[in-house]
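In the two complexes that follow, chain A is the common piece, with chain B as its partner first and chain C second.
Here is the complex of A and B:
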C-alpha cells in the first residue's frame, strides 16, 4: 500500500502524511451493515471467554466442573450463539474468497463451495461430539 | 500501511498476526459451536474431559481449539478497539492482545500435553 513519496530527498527516509477524516466513535451505530460488522467482531468476546474457561478447566483437571457453574453456563450459552454466528458468516465469507478452478474455464460455483463448508462443519461437529460423549 | 500518525510504515508483524487470525477463524468456525454445545450438555464434565484429552484425537482438537482462536479473538478485539477511536494506542493494544493470546496458547500446550 505504500505509495512512492513525492519530493523525498535522496537518502532521506520517505514519510508521507495521510489525511484522516475524523470519525465519530459511534460511527458503527449509524448504519445496519456497520452494526452487523461490529456484532460479528464482538462474537470474539464470548468465544474468548469460553475458551479461557475451558483452558482453566483443563488446567484444574480432575477438579470441579467449571463449565457447569452459573458463570460457565452463561458463558457457554453466549459462546454457542456467538460461535454459530461466527461459523455461518465465516463459511459464507470463505466461499466468497477462495476460487477453485478445476480447469481453464471451469470454476467451482460459490454455492457449491458454501455447501462443502457447511457440510464439513456438520461432519467435524459430529465427529467431535462422538469422540467426547 | 498507515500508522497512528498517518505515516507510512512497513508491514512489520502484521502479516503474521493476520495469518494467525485467519487460521484461528477457521478453527473456531469448525470447533467452537460443538464444544459450547458439549459444555451445555454436560459433555465436558471433568471425567469426560479427562478421558477426551487422554487420547490423541482429543488432544489435537484441544490443542487446535485452545491456541489459534485466541489469536483470532485478539485480532478482532484489537481492531474493534481501534475502530472505536483508540488508533493512537495501536502498539499497546497489539502487545496486550497478541501477548495475551501467546501466553494463553503456551499455557494450553503445557496443560494439554501434561494430561
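Here is the complex of A and C:
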C-alpha cells in the first residue's frame, strides 16, 4: 500500500470506489504507544552490538581493553539501558499473557504476577551481581 | 436539549469523502454548539440536522453497546458515543474514519474484510459429533467454566482494535485482534470441541504469529476484552499443541 489505492470494495456489494488511506512510513512516530513499541523492539540493536563487542573481546584474549575502551563503555551503557527498558516492559507484558489458576476459584491477579516477575528479576540480578563481584 | 449545563462552542474538523466527485478525503470545519454531556456523535448529529445533511456516518445505540460509531478522534480510535466534546476543549476535534479500512463515504468504512475473517475462525460452538438433539437437553456449564472466557465474549465488533493495529494496517492478511479474541473465546469454552479446527486458521501464516504485541488493540477496546492477551495466549496454546503433537498418539488429535 504505497500509494492511495482507489478501487472496488472488498465486498460483494457493488460500489463506485473506496479510498484506502496509505500507512505512512513514520506511522510509529505518530502516537506514543507505537513509539514505545518500536523502542522496545529497537532495544535488540544495542544488545546485539554489545554481544558483537563481547565476541570480539573474547577473540582477542588474552589481549584486553576492547570493552574498557570509550566505545566499549558507551555500547555497554547503552545495552544496559536497553536491557533494563526491555526487561521492565517484558515483565509487565508477560503478566498479561500468563494465566495461573491455583484452584477453580482462584486466579492469580495480574499485579501479583507482575510483582513476582519483578521480584524474581531482582533476586536473579542480585545473584549474578554477587557472582560477578 | 435543555439539560447539560452551559452552551459552549467547539470546532469539529470532519473528514469528508464523496467518491462521486473526489479522489480522496478532504476536511470540512463546523462550529458546533454543545453542552457538557454532548459526545462527538451528538456533535455529528447536530451538524447533520442543522448544517449539512450530507455528512455520512454510522451509529445506532448511543450507549456503547452496538459498536457502530467507531471513528478516529484526534488520531485515536474511539467510540464516538463515549467520547465527550468537553474533553477536547478548546478544540478542534478532528473526526476521521477508522484507520486501516477502505473508506466508502465520509466516516463510513467497509468492514467486509473483518466479516469474512470472523467467519473463518468459526466463532460458534463446534461439536465433533454434531449437535445433540434438543430433546437431550442443553450443554451444561458451571459459572466457573463461564469465567474462563467471559471477558472475551464481551466483544461488540466495533473494530477499534483493527483501527489501532499497525500490523493489520501494514498487512491486511492478518486475521486481526477481534477475530482471534473470539476464536480464543470459543477455544476456552468448556462446551466447545473446535479448537483443532480453529488452529488451522489462527495458527496459519495470517494468524497469531503475525502479531508483534504492540498491545494497542487492548488499550482502545471499549469493552476491556483484551484481544492482545487472547492472541498471546493463543500463541502459547498453539506451541503447546505443536509440542504435544510429537509425544501424543495420533498427533494429539482426539
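Simple rule for what comes next: the second predicted complex is superposed on the first by the 111 of 133 C-alpha atoms of A that agree within 3 Å, B and C clash if a C-alpha of one lies under 4 Å from a C-alpha of the other, contacts with A are read in each partner's own complex, and residues count from 1 in each chain.
Going forward, a residue touches a chain if its C-beta (ideal position, glycine included) is under 8 Å from a C-beta of that chain, and two chains touch if they have at least 3 such contacts.
None of these values were measured; they are calculated from a predicted model.
**Student:** By the touch definition at the top of the document, which applies to A:31: first (chain B), second (chain C), both, or neither?
**Tutor:** It touches chain C, and chain B stays clear.
**Student:** Contact-wise, after the overlay, does A:21 reach chain B, chain C, both or neither (first, second, both, neither)?
**Tutor:** A:21 contacts chain C only, not chain B.
**Student:** After lining up the shared chain so the two structures overlap, which partner does A:42 touch, if you call chain B first and chain C second: first, second, both or neither?
**Tutor:** Only chain B; A:42 stays clear of chain C.
**Student:** Have a look and say if chain B or chain C is in touch with more residues of chain A.
**Tutor:** B
**Student:** Let me test your reading of the model: by the given contact rule, A:102 touches which partner, first (chain B), second (chain C), both or neither?
**Tutor:** neither
**Student:** Based on the A-chain superposition described above, do chain B and chain C contact any of the same residues on chain A, and if so which?
**Tutor:** Residues common to the chain A contacts of chain C and of chain B are 1, 15-20, 23, 27-28, 41, listed in rising order.
**Student:** Quick check: in the complex, which residue numbers of chain A touch chain C?
**Tutor:** For this pair, the touching residues of chain A are 1, 4, 6, 9-12, 15-21, 23, 27-28, 30-31, 33-34, 37, 41, 93, 96-99, 104-105.
**Student:** Would you pull the chain C residues touching chain A in the complex into a rising list?
**Tutor:** 17, 19-20, 23-25, 75-76, 99-104, 110, 112-113, 116, 144, 166, 169-170, 212-216, 218-219, 226, 228-229, 232-233, 236
**Student:** Along chain A, where are the residues that touch chain B in the complex?
**Tutor:** Within the complex, chain A contacts chain B at residues 1-3, 5, 14-20, 23, 25, 27-28, 38, 41-42, 44-45, 47-48, 50-52, 54-55, 57-59, 61-65, 67-68, 72-73, 76-77, 79-80, 82-84, 86-87, 90-91, 94, 120-121, 124-125, 128-129, 131-133.
**Student:** Please name which positions on chain B make contact with chain A in the complex.
**Tutor:** For this pair, the touching residues of chain B are 1-2, 6-8, 10, 25-26, 28-40, 42-50, 52-53, 55, 57-58, 61-62, 65-66, 69-70, 72-74, 76-77, 79-80, 83-85, 104, 107-108, 111-112, 115.
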